[in-house]
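A, B, C and D are the chain letters, set down in written order, and residue numbers restart from 1 in every chain.
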Amino acid sequence: MNDSREIELDGHIIDSGIMEHVLDSILDMGGDFEILEFSVGKRKTDTSYARIRITGTGADNLDSIISTLHRHGARLVDSDDVKLVPAEGNRIVPKGFYSTTNYPTEIRINNEWIPVEQIEMDCLIVVSPDKQSARATPMSKLDKGSLVVIGEHGVKIHPPERSRSHEEFEFMGGSVSSERPTVTTIRKIAREILDTHKKGLKVALVGGPAIIHTGADAAAASMFHEGYIDILFAGNALATHDVEFNLYGTSLGMDIRTGELVSAGHKNHLYAISEIMRAGSIKRAVEIGVLNSGIMYECVKRNVPYVLAGSIRDDGPLPDVITDSMIAQDEMRRYVPEIGMVLMIATMLHSIAVGNCLPSYVMTVCVDINPSTLTKLMDRGTSQAIGVVSDAGAFFPMLLEQLHDLQKK
Amino acid sequence: MNDSREIELDGHIIDSGIMEHVLDSILDMGGDFEILEFSVGKRKTDTSYARIRITGTGADNLDSIISTLHRHGARLVDSDDVKLVPAEGNRIVPKGFYSTTNYPTEIRINNEWIPVEQIEMDCLIVVSPDKQSARATPMSKLDKGSLVVIGEHGVKIHPPERSRSHEEFEFMGGSVSSERPTVTTIRKIAREILDTHKKGLKVALVGGPAIIHTGADAAAASMFHEGYIDILFAGNALATHDVEFNLYGTSLGMDIRTGELVSAGHKNHLYAISEIMRAGSIKRAVEIGVLNSGIMYECVKRNVPYVLAGSIRDDGPLPDVITDSMIAQDEMRRYVPEIGMVLMIATMLHSIAVGNCLPSYVMTVCVDINPSTLTKLMDRGTSQAIGVVSDAGAFFPMLLEQLHDLQKK
Amino acid sequence: MNDSREIELDGHIIDSGIMEHVLDSILDMGGDFEILEFSVGKRKTDTSYARIRITGTGADNLDSIISTLHRHGARLVDSDDVKLVPAEGNRIVPKGFYSTTNYPTEIRINNEWIPVEQIEMDCLIVVSPDKQSARATPMSKLDKGSLVVIGEHGVKIHPPERSRSHEEFEFMGGSVSSERPTVTTIRKIAREILDTHKKGLKVALVGGPAIIHTGADAAAASMFHEGYIDILFAGNALATHDVEFNLYGTSLGMDIRTGELVSAGHKNHLYAISEIMRAGSIKRAVEIGVLNSGIMYECVKRNVPYVLAGSIRDDGPLPDVITDSMIAQDEMRRYVPEIGMVLMIATMLHSIAVGNCLPSYVMTVCVDINPSTLTKLMDRGTSQAIGVVSDAGAFFPMLLEQLHDLQKK
Amino acid sequence: MNDSREIELDGHIIDSGIMEHVLDSILDMGGDFEILEFSVGKRKTDTSYARIRITGTGADNLDSIISTLHRHGARLVDSDDVKLVPAEGNRIVPKGFYSTTNYPTEIRINNEWIPVEQIEMDCLIVVSPDKQSARATPMSKLDKGSLVVIGEHGVKIHPPERSRSHEEFEFMGGSVSSERPTVTTIRKIAREILDTHKKGLKVALVGGPAIIHTGADAAAASMFHEGYIDILFAGNALATHDVEFNLYGTSLGMDIRTGELVSAGHKNHLYAISEIMRAGSIKRAVEIGVLNSGIMYECVKRNVPYVLAGSIRDDGPLPDVITDSMIAQDEMRRYVPEIGMVLMIATMLHSIAVGNCLPSYVMTVCVDINPSTLTKLMDRGTSQAIGVVSDAGAFFPMLLEQLHDLQKK
């Protein structure tokens, strides 16, 4: 029969559920299988190996099955070099292009496996003209003539195997918890921040204006001041609220110390932007003593890089905001390679945008008062995220307390 | 014209919005009005007075309008004694019965105004056989022959006028806040607890099992131990989770210190119930040293009364649980007159049940991770409730901290 | 080594994920394993078999592991008859009792495997005095002296294997969908109702008052009239709202045809209860012509059994309501054996209560406007439920349309 | 006393609640008042008039009070021409600038009242150099030297008086309804669409990709085809999903007819973008026959203007997308003056952005499965919005049915 092909799998394929997903997918898609070889790891340290012949209902169906299995880490036995075609125009993807996962990925070229750099999901793989390197490339940056990988031939991915170690974050792996002990959860996140730094990696905050609105500005600023957070991704709203609060004590006109709206409070929002406009930039406003505290102040003082991406609902915006969304995306991508952990707090838009650019091995913690924000983020592919249903106003002070407590020990 | 009648209003009728609601309602219902007399309070301490002739499109419409205006505090000018009819059978309400609000209410009988005792919403007013007293009576307790008030004639209610004083809870009055500064809000609640006690009134907790699940059992128990809470309304779940946690460290089988499920954890839930069964009651379990900490332990030790009401999803239940819902309602009602403030935490069922029995002047704070629970409670008539979107696991430790902080001063 | 034991597994243990869960659980709990025998089903129709030696860190740990594996369908190789101990008192569970799953279960007694009747989750297994039969027994009905199964020895469960057939409900198995095509989802539910009837099983509705409030009373009543629903589980609220709507056109005083509140509308709620009180029961009210349409009317006319369970927030309640929660539970359990499918619409309390009593093989569809209701139901163990985020007012008319459409073909 | 000033109010100031808000605000802010003159409209057609002297605790407090009352429609008795100052730099607001509401607004200049054009909230009022016209100007478009209105002197606003007519949308005015009869609500929306067209105004749709995901693409496209919707505001996601669905039958890789994910489905998303890239634009793709159905197709065919605004989470984006958020805002503003009604469906980002630009008299209906989206929109100032908790997949087919039904009559 033509419509069959052999794949192989190895690693902890039983206890990671990979074997299950593979057989399941074949049956779900109407295919059939025969297990040709199966050696099972007898002990927990041993790995297993399987060789399976897949039969489809036709050539298209078989392609479809192979394509799905590939995403579970299966390799074609008769694997060969990747196939490449040049892009016919800017931002025009070639038919049959290989669409990336956010898992570590290798491609075979000239009989050698090379890693795909800057992996992120839903990209194309573009091979350099000299065929010495490859890179995950978003559609928006695909140029005419770029060499694009076609199909799964010669592509190998490494889906995460479930962690065997209890020292790692125990509830890694895509769950939303509103019925967990709050302090216990926050302590684990605190420990993870310290561990990320120990590994020499950076912690990024993706934050929305609710951080200031719910009264957590000072605690969040301390996170930067004390070096727990190394990078900031946000929008005009977070930065403006932070400046407004630190200049006038209000957030969109609400007095944070009393919770009451002050008269004509929204003007403070526009005054805050104007003060920064007059200085020329946030950095300059800090230097000339206009802005003396808060999240943005700490970022400037500690040289924490920040990317402020514009959106269509912005007032102002601040001069530091990148209003073109494609340029803002690129700017965010620059920092991704150094990041080991991301805290996403109370912003769906920025969280999804950053999540799109992250490799699967970046620890991602998402905090929102609204469980559906968390669910959406995971549905969109950031399946490694851990969701915590909480509000920023409670989360940051408790997190800081846990960090201090852990540091004491 | 027959289809017109005069009403009068007095008090702070402009700045309380009563005048607005009255005129609005007339127009909404298709009626017409003529303002016959209007003397306005020139200064903020003065009250105003209005006499208004209402015209309806017919007798029924006019009745309907008068009935609605009554609920805004309007009185018929030609007011007379209440009309009474005997109930034709148990739990059969007479046609045209007066249905109570949860506002303080008086009725005129033998030309004198007497207060309606134990006011709660959606009840009938039953007058004692000697016509010396009156009482709000839920339908479930209406006996054949009871004298029931019919229509609005001779009934006067006192809807709350907006507070003029900033010493009272500033955001009193039906709002859900998920975008408020968390610490600020919790501090206000703490202050209100202390104020309620200063007035000699009691603070009740209506709580769900999420208090234990989210890790707040110890903080909640301290609230009882330190005398901040005086009454507990809950169900089988809260009490069982509390006992389970204090005996075994788990809540429905989840280890609260690690957030992990322990094997066969649900058995702990049933063991906890069994231990109390074996002792005979929660009180006895405390006395013989089986139960030595937690919310229920503190209730027993400090003689805090508790009502545990059964529901159809209960396991067990504990011997202390009142499985008949009508008997449980009565038991809750016994404690209502002493209550000045209620904290409703993470339970919709019990919160609505208790809310139904509360007069409008009881300060009600409702905390839930799910904003729709708060909205529902207010929609069902407990419009004096203040909603806080938060989880119990963060709320209780922060509240205790604020209480301690306020006490220090 | 004493601290090791052998288990065996068979069936579609790889593609159902059972093998994965077993190995995972061992490692999660700190144990170790050696795979002694493993024959893999080569083709999709073949089953696999595994024999595994488990080692724990001690006797307790090993027990704990075995207990967990048991729930995945593993059997001890050295399986023997179940161990039985008599209950020491009413509602006092013996130490080490076997706590049921909602999967089909068998026990070995006198060397023979007998089925456990009326299986539901979190119960004990009580063996008849003559040891000829066994039954899942909730704690509340455990009598002194009953023979209770202890430990997992001699207990075998059959966790569901993933369906192989695309004729069955494709998204069976614990998912909440708010981003699915609405009409597609509802059509599948319609088809499932017809299939359930074809199998000779019954369809039950667990419904809340929002069915009437959102304007779906007539469509829901048609579901009963046309024979699509065979059993009703609800509370006082659904029945009263239905009666109120069919007598007065309002639901808690809101006119369903205009969406506006009518004056003193809540009185209609109490009048509705009174009318039934006066008649004596819902059935009698239908017979004497007081109630002539609606859900309850159709139930009476078509002899559809209904269980109305009381709760502490009830007004009235109707004479047909069972106010004692334990008696109401028992009454619901009577109908469970005939049920093949349950629709749970807009009621968390009743849905969880019914879910607790259902075996795992009953198709369960849960519809709520609030995704967290769906999540909670699944978290509490009804993991076979399919969640649909929708409101009853849109769901019922669309479901009825799809049913008619399917019947035409 | 210096610290007092007189204001006047006229119109339906009692039954619109304006009088209440005015007196309330004075007291809330610590001020005092004396009612100098009060003539009350005796009948519902009569208007009332009040002159009130306000005293503050000091000059600042008085300013603050006046500023707040202004927003309720109060005018200073000693009103004069507006004060103007030139802006000191681009996007730098002058101290004390007047911040607009979204109510119709007039300013006095050279002793004449002229209307402020293109009113939207939170803008400045910029007067033309010849002082013949004035325009609400967002901060982002404030140029150095522009003449900006300072303070409330000479500014008059017209807050909406509550509608007296039942022919208008009965539940106008800031409410979220998840417990309303669904069909009744949708019928009202349908009627409002027809009425808006009768008035010669346009209906705009602000839509998110869930319209396609929940299966409503065809129904939504019909809304354009049949002329019910005249303008489209959306993002890259809606347009791409629509193109993907109409080219391949999938939406982000989910087959809309079966609700199942197809293998490598996300590639369809990128293919869809590529097809439009290859054509050059959506319009061109329709002209050359690449795109033959769907929302975007209908827009092109019927010359419905659309604004596709970019965001940082976009793939692609389509060549028609405006990636710079400030340019996209301007483009949206161009269409606002013709709009009489806006449907906001399943997109928070775009809904808030459009809501920011709308005058208060534009009927706004917001539909989302998540009640918190609705609440947020209203909190942000679009208080005239009516919220409907529903999913697009149910909403559009039901709306179309109601429109057809109304048209038949």
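The definition used in the following text is that a residue touches a chain if its C-beta (ideal position, glycine included) is under 8 Å from a C-beta of that chain, and two chains touch if they have at least 3 such contacts.
Quick caveat, the model's predicted, so the values are computed rather than measured.
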Partner chains shared by chain B and chain D (touch criterion as defined above): A, C
Pair joined by the larger number of C-beta contacts - A-C, B-C: B-C
Centroid-based (C-alpha) most distant chain relative to chain B: A
Computed distance of Cα centres, chain B from chain A, in Å: 45
Separation of mean Cα positions, chain C and chain A [Å, integer]: 38
Gap in Å, rounded to a whole number, between the CA centres of chain C and chain B: 33
Sequence positions of chain C contacting 2 or more other chains: 178-179, 372
Contact footprint of chain C on chain A as seen in their complex: 14-17, 19-20, 23-24, 26-27, 30, 32-35, 38, 40-44, 162, 164, 176, 178-179, 371-372, 375, 379
Of all residues in chain A, those that touch chain B in their complex: 170-171, 177-185, 188, 210, 213-216, 254, 256-260, 369, 389-391, 393-395, 397-398
Residues of chain D that touch chain A when the two form their complex: 29, 64-65, 67-68, 88-93, 95, 97, 99, 122, 138-140, 262-264, 266-267, 269-271, 273-274, 277-278, 309-317, 323-329, 332, 348-350, 352-353, 356, 370, 372
